[in-house]
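What follows is chain A paired twice: with chain B in the first complex and chain C in the second.
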Partner chain A sequence: MTTTTLATPAAPRRRPAALVPVGMLVLVLLPLLLLPLAAVFVFAFRGGLTAFLSALNTQDARFALRFSLLIAFATAIVNAVLGTFAAYVLSKYRFPGERPLGIVVNLPVAIPTVVVGTSLLLLWGPIGLLGRLLEPTGFQPMFTPFGVLLAHLFVTFPYMLGTIKPLLDELETTYEEAAYTIGANRWQTFRHILLPALRGGLFTGALLTFAHSLGEFGATVLVSGNLRLRTQTAPLYIFAQFEAGNLAAANAVAAVLALLSFVIFFFLLRYTGRRTEGRL
Partner chain B sequence: MSIVLDRLTKRFGAQTIVDRVSLEVADGEFFVLLGASGSGKSTILRLIAGLTQPDAGRILLQGRDVTHLPPQQRDTGFVFQNYSIFRHMSVADNIEFGLRIRRVPPAERARRREELLDLVDLAGLGARYADQLSGGQRQRVALARALAYEPNVLLLDEPFGALDVKIRAQLRRSLKAIHDRLGVTTILVTHDQEEAFELADRIGVIERGHLLEVGAPEELYTRPRSLFVATFLGAGTVFVGRARGGQAHFGLLALPIPAETPHEDDERVQVLLRPEEVTLTPDRPADDRLVLGQGRVVEQNFTGPLRRLRLRLPQLAATRQLAPPPPFGEEGLLVDAVLPADLPLPSEDLWVGLRRWHILAPPHPRVLVYDTEAGPLTALALARALADRLDASVTLVGVAESADGGEALRAALQRRQEEAGLAQAELRIAFGNVMQQLALEQGQALYDFCLLPASDHPATQPVRLSDTVVNLLSRTMTPTLVVKDKDYPLERILICTAAGEPGKSDVRIGGRLARQVGAAVTLFHVTRGASQPTPLARSHLERAAATLRALNVPTEVRFRPAQTPAAGILAEAREGGYGLVVVGSHGPHSRSVFGLDDVTRQVLSGTDRPVLVVPADEG
Partner chain C sequence: MHLQRHLLARRLQTLLPALVLSLLGFYAVWPWLPLPASAAPPRTIVFYGFSILGEVMNQSVFPAFQQEWQARTGERVEFISSFGGSGTVTNQVIMGVPAELALLSLELDAQRLSDNGVVPAQSWRRLPQGGIVNRTPFVILVRPGNPKGIRDFTDLTRPDVKVIHPDPLTSGGANWAIVAEYGAGMRGQPGNPSAGYDLLLGVWRNVVAQAASARAARTQFDNGFGDALITYEQEALYDQARGKLRAEVVYPHSTVLSEHTLVVVERNIPARDRDLVDAFVAFLWSESAQRLFVQGGFRSVDDKLNAGNPAFGVIADPFRIDDLGGWAKAKREIVDAVWKSKVLKELGR
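And now, the complex of A and B:
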């Protein structure tokens, strides 16, 4: 009988039979994932570094990148607080309607982002359900940076919740109870006992939220109105430049976005990798 | 008193987890709550700490009513079984946490921390984190953390449960030493009898939410009152016999019943024989008053200093074994004994005598309930009332025709059982003929009452008595409650009696029940046509009333003229607002060819109230 055990650290010998499936996998992935990623950089740097930099150095491109980073940052911070709060309530309290609420807060991952944009418009837009009521005050959230933030909060809400809630669920209840009997009130317990235990999750969740916000397109394109120098995020800028046939400008910003994503992904990978290692 | 619990009660759904627990723990006492898992002992600890809210009752700590205070304001130190050391804090920070919350200045904190590290033998390990400590060390940190702010009481929830035997013994000694030094009032919860004996000033034994007995370890071991405590604390043999004339009878052996555990005549009586109280001799002792009989060694175990023996003796008349559990399908009585291990066994056959014995308090009544999927829930409700008020243990029996239907029946009965709040009752599913199975069940255990619905189809045929009822009543020797589909409060009990009935057991059993449930009794007699009873009936009623008064039951005597006894009883039952009608029945040998005598049967069919049918004494 031939050995069919998987390669373990103790036996790092590569089996020759693995060449065929691995080769096939690479062949499939090449056109699917690897080549498109490479294409972005190839096209961005086709005209050399100076062309790339000058493509980035337009007012519109600089604004779009800055705006995207700002929105992603704001989204990550707001959702870190909201998501942690939601996770705490859903994990620690038992109440009627707990299950439906748990499903609703996770719904944004399943809804197409375009639908999110549409529904936000229908609610907050100039003729929307609540937007109409705001008319006299002169405040209109849609087609403003605030509207973009609203859309991003909606779309990325589940990420923070999804990383924090399992951590809270996993933490034995006696952990908090110990703090209570020692004399710590709910806030002190949260601040000194729970929050430190959630540190890793907060970091991971915030990075995930940031990354998703950075790339958000479907909802943003509807609620922002795609107004240059006002509500145009980096993905919207790329799309607009493409449509206008301005490939160099589009590619340059796309390359920057891709690079940012790589950096975030690298941090996520390192962090979660270290955590699972620590646990094993 | 450091800790006072006053009728503390906690329910989860229909289950009562902690049932009216009252307890006082003195200043500086080390109290151990001992019970099996699921007995509610940990819940009591959580109630004291304020981690769980009680449904009823009060908790006083140092004279202060803390029942409705949050855990933060109770000033208790709590040690959890899983340690719950704060993982992101060093040992020192863990210990100092309570002091930091209380804004103790850093210098004082450091001084206290070093003191505690010293106290729990962890000096020098303050900088470590939980994952750098062994289980025993973690538990020491948890203990130091709970003691840091000098709490009023220390609560320990199975603190050594997750540790191996050697570490456990070490920690026990440390804990005892720390307690001796600090004198902090302590309650420890455990399922380990040995641990309880070693640590406790007093032990409280908990079973199914009830605090059964409280006492010093030695007192509970040598003089337990209940079967549960007797068998939970150490090995021993328990037999059930009958009480008569102030003596407990087991076959020919008669043991005097001490005054502190009075038994009524004919009541079941349980005797406990600790292994070290059993004597073994090769020859029949000259004084054979305290001899159980000659037995054969069936099992022996070497345990170091002692040899544990189990002997089988021939069955004694009217004696049943409770502990050690009798093996299925084997006859005879098992007795546990010990001998010094270095003493050779003279023979396999030895005479078993008693050096000492211990009569337990009268056991709780046992109620057998026959339940069907379609039966009225009122039978279960009455069983629940008996379980609550008599502290009776209830066994539910369902009978399936074949093994196929068994699981479905079990599920259905389990649902009904939970609905009726009888989740703690034992449920047995038997197969085959209902009558045979009920007779078998009655024969295997001594029940005080049998309870069953009057009709198999209460919705369509409320009046028609089921064959089960008719058959069972014509044979059984157990007082039997027949229940219709209406609920009545058990406040007034109608005992029907007639002169010349063969026995008075209906009055005695009905009266005892009335006393136990706190009901008033109306003693009732039907005069045929005439307005006054005959002199014979009158003297019979007077004696019956005297019996009831002796039981301290509020009693009233009533006559009623009627065409037939049954008509009179039915009219009185209807008009008097009784919750239970007690009628006598002849013994099986003198019962008529129809099985049940007419009056009983007519009353059973005619009334909508529960009827207790009491078979007359034989002879």
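And now, the complex of A and C:
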């Protein structure tokens, strides 16, 4: 009796009661989330559209945005492959040490990004454990675009894995087994059975990775050397300009980054929304 | 008909992300596409500098040299540069960033580079002026109208004054400021051996915020924190010249002239760029570059050029680091022995 009343609450009675908590939530969210974002756009366009565009049209700003986009694309592509491989191994094979390995690959979520930057420097930097051995070869990954990519791969590794592994775990094994019985090998099974089923997950995971890479700051600031026109990403540019007191330059790029993440978020929402809709 | 429109909408939904992403990708790789029209790649100089140099280098000195070099050789030069706290820059160079030149706020940081084997000891002393490119005195910035009536360092010890100070750990300017405060105290009361310590302690009791660089401290001050900021005169003059200064400059009776040292990091300079880097180093002490520094608010190493900027204020009793026995001694006896070991301990920080 009680359960039925809980399951089907009377719709007309809920509406007036909701007004207070909803209003409170909006009041809390306004200064917490909405107003700061609005401030970025208000400041960015305070000098008018031409001022906004000319702030974006400096060599440094254009480079920073392009460099961030390139790193984000590269990170998304490499981690799409690595993350899917990791998800496949962890989902389809049973082996000793499976659980510790599963924890290790998810660690980057928990580690502060500054620590990631420090550890990369202490490994690959000129005074680092491996970096010292590399010294004679003249190959020096830190303070180069490659170093930035390494940091981003580390930081964003779990996002692809996190999207693909649940899909693989949930997937019915009957098609796979059928493929094996007609003589398909592991690669053929993966290519023709699993991959088509993972398409949506790949897209979502890659977008998540892309978005996180675009905004990465903590690790990048340490491994990049913050060189303009060489390793300065858009978030580093924003920080450098803000520290130097050039609010207009900082805000213009910040507004573009915010806009890009809105677009990515919109795609994510549309895509995941459509999938659940299709399933229902 | 209805179904068709539905299908079209669906297709558009899949196409839109693909279209947006490929447009973004195309925008990103555009400058690196092997287009036939692109000219020979420019030669590069990698330059690291301490925080307040940013504008004057990027907007006047680099372009002036680019023009001169192109006129002389027909080659394009691109400057890859980074500006931050002098200590930060020094640490980055020690960690191995590819800096070919580093213009540091104080000789102490150059010393750290040679201690870490990055450059030979005292190598900067062989440059013109012992490596010093330009100077600027330490002054006090206060709010418009000087509401707290601050006239000298001693006024900063009053209990109602809140001081913004850069952090001596990462900022060269902060080390200069400590020397300025201590030296001003000593010179104010020559008979009192603890006068320097007293003034330093009084000022630091009122420090409410520490930023990583002189520039970052300035940004904090501009954002409304504190009543007074101890900083380079250049910081104030640069904005004053552009009508952007929302503060007043107070010249202390006695203060230090900071001297900024250039270090050439030989190991990062490829043999083929030797001539280019040498030419730029020579250019920094040329009259045209020194004039640009004066216009940008720095005091030239050539005193007769300093008449070129009427905004330079008068300091009754300026002193230099050499008057205190050089940076090695000042660091040991003032920054470490007095500020770190006594003042911070006294304040419980």
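Just so it is clear, the second predicted complex is superposed on the first by the 266 of 280 C-alpha atoms of A that agree within 3 Å, B and C clash if a C-alpha of one lies under 4 Å from a C-alpha of the other, contacts with A are read in each partner's own complex, and residues count from 1 in each chain.
We take it that a contact is a pair of C-beta atoms (placed from the backbone, for glycine too) under 8 Å apart; a residue touches a chain by one contact, two chains touch by 3 or more.
It should be emphasised that the depicted structure is a prediction, and the values quoted were computed from it without experimental measurement.
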| item | value |
| --- | --- |
| Partner chain(s) touched by A:Thr272 [first = chain B, second = chain C, both, neither] | neither |
| First (chain B), second (chain C), both or neither touched by A:Ser119 | neither |
| Which of chain B and chain C A:Gly225 touches, first, second, both or neither | second |
| Touched partner set for A:Asn106, first chain B, second chain C, both or neither | neither |
| Partner, of chain C and chain B, that touches more residues belonging to chain A | C |
| Which of chain B and chain C A:Met142 touches, first, second, both or neither | second |
| Contacts on chain A seen with chain B and repeated with chain C across the two complexes | none |
| Chain A residues touching chain B - in the complex, by the definition given at the top | 172, 174-175, 177-185, 188, 192-193, 196-197, 199 |
| Chain A residues touching chain C - in the complex, by the definition given at the top | 65-66, 69-70, 73, 121, 125-127, 131, 140, 142-143, 203, 225-230, 232, 240, 242-245, 260, 263, 267, 270-271, 274 |
| Residue ranges of chain C in contact with chain A within the complex | 13, 16-17, 20, 24-25, 27-31, 46, 51, 54-55, 78, 80-84, 92, 95-98, 213, 215-216, 218-219, 222 |
| Contacting residues of chain B [partner chain A, same complex] | 49-51, 70-72, 74-78, 80, 82, 84, 86-89, 97-98, 101-102, 142, 145-146, 149, 155 |
